[in-house]
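Both complexes below contain subunit A, partnered by subunit B and then by subunit C.
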Partner chain A sequence: MFDVLFIGLSLSSILLLVALGLAVTYGAMGIINMAHGEMVMLGAYVSVLANIWLGANLLVAIPIAFVVTALIGLVIERLVVRRLYGRLLDTLLATWGIAIILQQAIRLEFGLSFFGIHVKGLGSGLQNVPVPQALQGTVSILGQDLNAYRIFIVAMTLVLAVATWAVMYRTSLGMKVRAIIRNPGMAAACGIDVKRTNAITFALGSGLAGVAGVLMAGFKTVAPDMGATMVVDGFMVVVTGGVGSLFGTIAASGLLGEFNALVAMVSNDIIGRAAVFAVVICVILIKPAGLFTFKGR
Partner chain B sequence: MLDLINLESYYGRSKALNGITLSIPKGEITGIAGRNGTGKTTLLKTIMGLTDDSSGQIRLSDKDLITCPTHERALSGIAYVPQGRGIIPEFTVRENILMGAFANRAGKRSIPEIVPELFPYLADNMSRPGGVLSGGQQQQLAIARALAAEPDVVLLDEPNEGIQPSIVEEIEAVILRMKDDLGLTVVLVEQNIGFLRRAASSFAMLEKGRVVEAGKIDALSDEMVERHMTI
Partner chain C sequence: MNMKRRQFLSTAALATGTLAMPGYLRSAFAEGDAIKVGALYSQTGGLSVVEKMLASAVQMAASEINAAGGVMGRPIEVVTEDGASDPKTYAEKAQKLVIKDRVSTVFGCHTSASRKAVLPIFERRNAMLFYQTHYEGFECSPNVVYSGAVPNQQLGNYIPWIIEKLGKKKFFIVGSNYVYPREMAKVSKGLIEAGGAEWVADEYLELGHSEWAVMVNKIKESGADVVLSNVVGDSIISFYREFINQGLSHEDIPICATVTSEIEIAAMGPEYAAGSYTSFPYFMSLETEANKSFIERYRAFVGDPAATTYHSLEAAYFQVFLWKQAIEASQDTTAEAIREGVRGQTYAAPGGDVKVDEDNLHCWLTPRIGQWTADGQSQIVDEYPEPIKPLPYAAYGEAADNLFCTAQGLDSSKL
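Moving on, here comes the complex of A and B:
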């Protein structure tokens, strides 16, 4: 039982890293970013490529993936999303298009496969990344043998969640973001450059998703279409937790991750996922604004 | 100081300002009056760049702001106290005030020295969430936030609307001090003609998104008030 809860916790951790970015881009900017899952996928591929071409292990891949996906996020914001603020459905379609382009870019090895050039680590096949020696095996905590890599995932997420909290509640960037979430017009009238702040936020959220991708690569096979389910899961967390609530996002990640693991234990993974969908649907029916929302407005 | 030339403004496709030309003198209070829905709020929003689209000129010390995004207008020295006050309920009183300091051109991010003197209640309740304050206290907070920007011009939209009478007098006194002690240029949307006559040096009367009367405050006759403000 304890180990199932622990597996649930590691699933929750990944979910949280994916959902944090979505929660802020959706909450602050009113954007449905369907390409967010592809940041997870690209993060995972960064770890694949770093392993093959640089001999770098997962730990080294984490900061690289953060920077790479944050920059890609910044480019997407600049080129596409920025032009679509306030047009929810258009952002959905446009970013979905970007998601498909990114998936194909990996499948077609950035187009090089047309010229018969193949890049090891890319293409439509499955990839694997070895877990560093230090994170293999189990660690005994309170008489329980726990998978060391899953402990690492949880710890890494904890660090990043605390860092996100600190940025949001202890820096002037965070204050700007929170002001924009609540009242973009007033924020701008107070001298806050809303576009610039949004672009930075978008990039940071993409970076977190990239890190989630690296962490996933350690226990799942990496494939070009792995992001598609992640974005769905991320949005389920956001709507369950309540838009614009950091605490809600954390709580909903925990809830859905654990629930998934528990149901998967007594049945299987597919039923586990179906059960999560059922929970989310119930939450939306009973509390359409999510479990944890701002009072009033 | 602040010159509005042929301003037009839109919400979606509907035009809410129909060519407003108005000169706002430096260091004085200019009153804006008119019935409900005549475009007073829209005029202030247009100066801040918060409507969907606008044209004309907004000249502040000879720089035209019409194409500038809102935050640049704030950073040019215009602070805005909107009709709904625009307080962020979850932000503490301190955070709400410091939010205004993002537009401080000297980069000062602190509570203005004058705040404890003008608004002792705020100074004593810096850590309370803005949302729990009364309407009058929120109005004071919105003014304190504007002052944190150390602006040249302050746009005030019906600061006394829906506020308990005891605080109305305080707010009126603060508005006068903004002009007299801080040397600010004030654009004051106000329905209380008595207060406008006491405080403002000039006025503009709006009707259907147009200026129908404007001039020195002495020229604001009872007959004009009768014609343009009674329902």
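Moving on, here comes the complex of A and C:
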């Protein structure tokens, strides 16, 4: 039973990893960021490239990926998203377009492949990142042999969730963001630089996705289209948890991950996944705004 | 009647066209009278990584044949189309190749889904498809030449070997959820029971699924002493990684795979597969002059000094030579001529001799078992002395003395 709970915890943490960034961009800023999965993908590629070109291992790649994807997020916000605040469906289409561009950029090696130049680590092929020796194999906890890398992911997710919570609820930036969630006009009237705050928030969300990408690279294949399915899972968690509620996102990922593991264990993974979607549908039917909501104006 | 009139009209039109052409053009046309063939592989989409390699192998074979004087003195012209990893696109492009480009032969398809999508077009329009990927069998089309392995060539040697040589008695069968793994599992179960062993589970995961925690846990708990994997695609990589990371080892519970090739091993990192097995007629590690030269030429052709070769790639290459020999045998390029000409053709492929079966147009191949080593290559641990007959209906009781699929077509009364 303990090992099933651990697998559930691991599935939850993977869901939460992707959803954390979305909780910030979608939950806080009201942008349906379809390029979020591609930010995860870019993070994974940063770890591939850092390994090939800098000899950096997975742990070193984490801060690099955070900075790189946050900067890319900042650029996207400045060029595209900034012009689309308040236009929910337009952000969906625009960021979807960005997602396709990013995928192709990696696939075509930023266009260099047209000139016959090939960058090792890019292109349409599958890439892999070596996992540090210490994180391979198993660790014995309470008489159970548990997957060391999964423990590492659970721990990292915990750290990131606490860090995100601290930023949102214990810093002045977080207070501004929360003020903007409630009422952007009023926040601006109180002297909050809404544009600047939004830009930083979007960069933060993208950076979190980048870190998720590095961690994913350790046990998934790295490929240009790896982000597409993740963004679906991410939205599923955020919507179930309640848009704008960080705690809701954490609770939803825990619920869905554990439920997935339990059902998959007694039946199989295909039914497990279907059952997760059934739970999501039920939650949305009963509580359309998600598990945890706040009163907005 | 209608058909005849159309044929007459087109012949007449062609004749007039030829007459109207200036003399110099006419002779140039006659000399450069290339034989057009289609190469239908995904150049884009999720399957493009693998299928582009297959397309290169076909191109390479064509360019080698052209350099050596062509087919009956005529050069091959390869018309490349993109199947875009989508069966519907495959059907459209096959139609285009067969109807508009009027090719009598297409080399192509990779997944069974894409082959099934184009099959009706080839049968209705009477054109030939050369298909190189190992597949599940259960097909008997007079319009397809299959150069890849069928289950009896991958499993017929494999399962008894696992039971006798590895001494394994409890199989955990796992696969991706579609027709190939399910048919492979069906054949395996028969062989496992015949060998006096048992199978403890037969589990499936969605195609492309990459979360293996639960499945590997089930393998751990099942008490199985060997895993038979028919998992395909990206999933393979996360499967092997999770397998090692949950503390299982190929020494105790080896993964014996039917799909895992040099390509996937390189993508997962060879240390995760070291010690596991795969059954294929061809491995990159084959120590023959023909294979070394093949690898060298392939690497030069694609301009990548580290390029990898594997079973389907080799089959994609040698099938073009079988096609060439078929045309030369019957001195004609129509589908009928190729079909009759290709029966019984033999060729010294990079992986050893191959022969097209007279009955079912599948290839005689040599079953081999490779054990993966830490450098991402394999060590051949078992090998048949010679190629064996392909039996596409082995799962349903087909045997060499009781054929279901013959030159007359499928005898469905036996199914």
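Everything below uses one rule, namely that the second predicted complex is superposed on the first by the 289 of 297 C-alpha atoms of A that agree within 3 Å, B and C clash if a C-alpha of one lies under 4 Å from a C-alpha of the other, contacts with A are read in each partner's own complex, and residues count from 1 in each chain.
Going forward, a residue touches a chain if its C-beta (ideal position, glycine included) is under 8 Å from a C-beta of that chain, and two chains touch if they have at least 3 such contacts.
Because the structure is predicted, anything quoted here is derived from the model rather than measured.
Undergrad: What is the contact status of A:136 with respect to subunit B (first) and subunit C (second): first, second, both, or neither?
TA: A:136: touches subunit C, not subunit B.
Undergrad: So which one touches more of the residues on subunit A, subunit B or subunit C?
TA: After superposing on chain A, more of subunit A is contacted by C.
Undergrad: In the overlay, answer first, second, both or neither for which of subunit B and subunit C A:1 touches.
TA: Neither: A:1 stays clear of subunit B and subunit C.
Undergrad: Is A:223 contacted by the first partner subunit B, the second partner subunit C, both or neither?
TA: Second partner only, subunit C.
Undergrad: First (subunit B), second (subunit C), both or neither: which does A:261 touch?
TA: It touches subunit C, and subunit B stays clear.
Undergrad: Quick one: classify A:176 as touching subunit B (first), subunit C (second), both or neither.
TA: A:176 contacts subunit B only, not subunit C.
Undergrad: Just to be sure I read the superposition right, which of the two partners does A:187 touch: subunit B = first, subunit C = second, or both, or neither?
TA: A:187: touches subunit B, not subunit C.
Undergrad: If you stack the two complexes on chain A, which partner ends up touching A:89: first (subunit B), second (subunit C), both, or neither?
TA: Neither partner.
Undergrad: Which residues of subunit B touch subunit A in the complex?
TA: Contacts found on subunit B: 48-50, 69-71, 73-75, 79-80, 82, 86, 88-91, 95, 98-100, 102-104, 109, 131, 145, 149.
Undergrad: If you look only at subunit A, which of its residues touch subunit C in the complex?
TA: Interface residues on the subunit A side: 3-4, 7, 10-11, 14, 124-128, 130, 136-138, 145, 147-150, 219-221, 223, 225, 229, 261, 264-265, 268-270, 272-273.
Undergrad: Spell out the residues on subunit C that touch subunit A in their complex, using ranges where they run on.
TA: By the definition above, subunit C touches subunit A via 46, 48-49, 52, 177, 203-206, 208-211, 213-215, 217-218, 234, 237-238, 241-242, 244-247, 266-269.
Undergrad: Which residues of subunit A touch subunit B in their complex?
TA: 172, 175-176, 178-179, 182-183, 185-195, 294, 296-297
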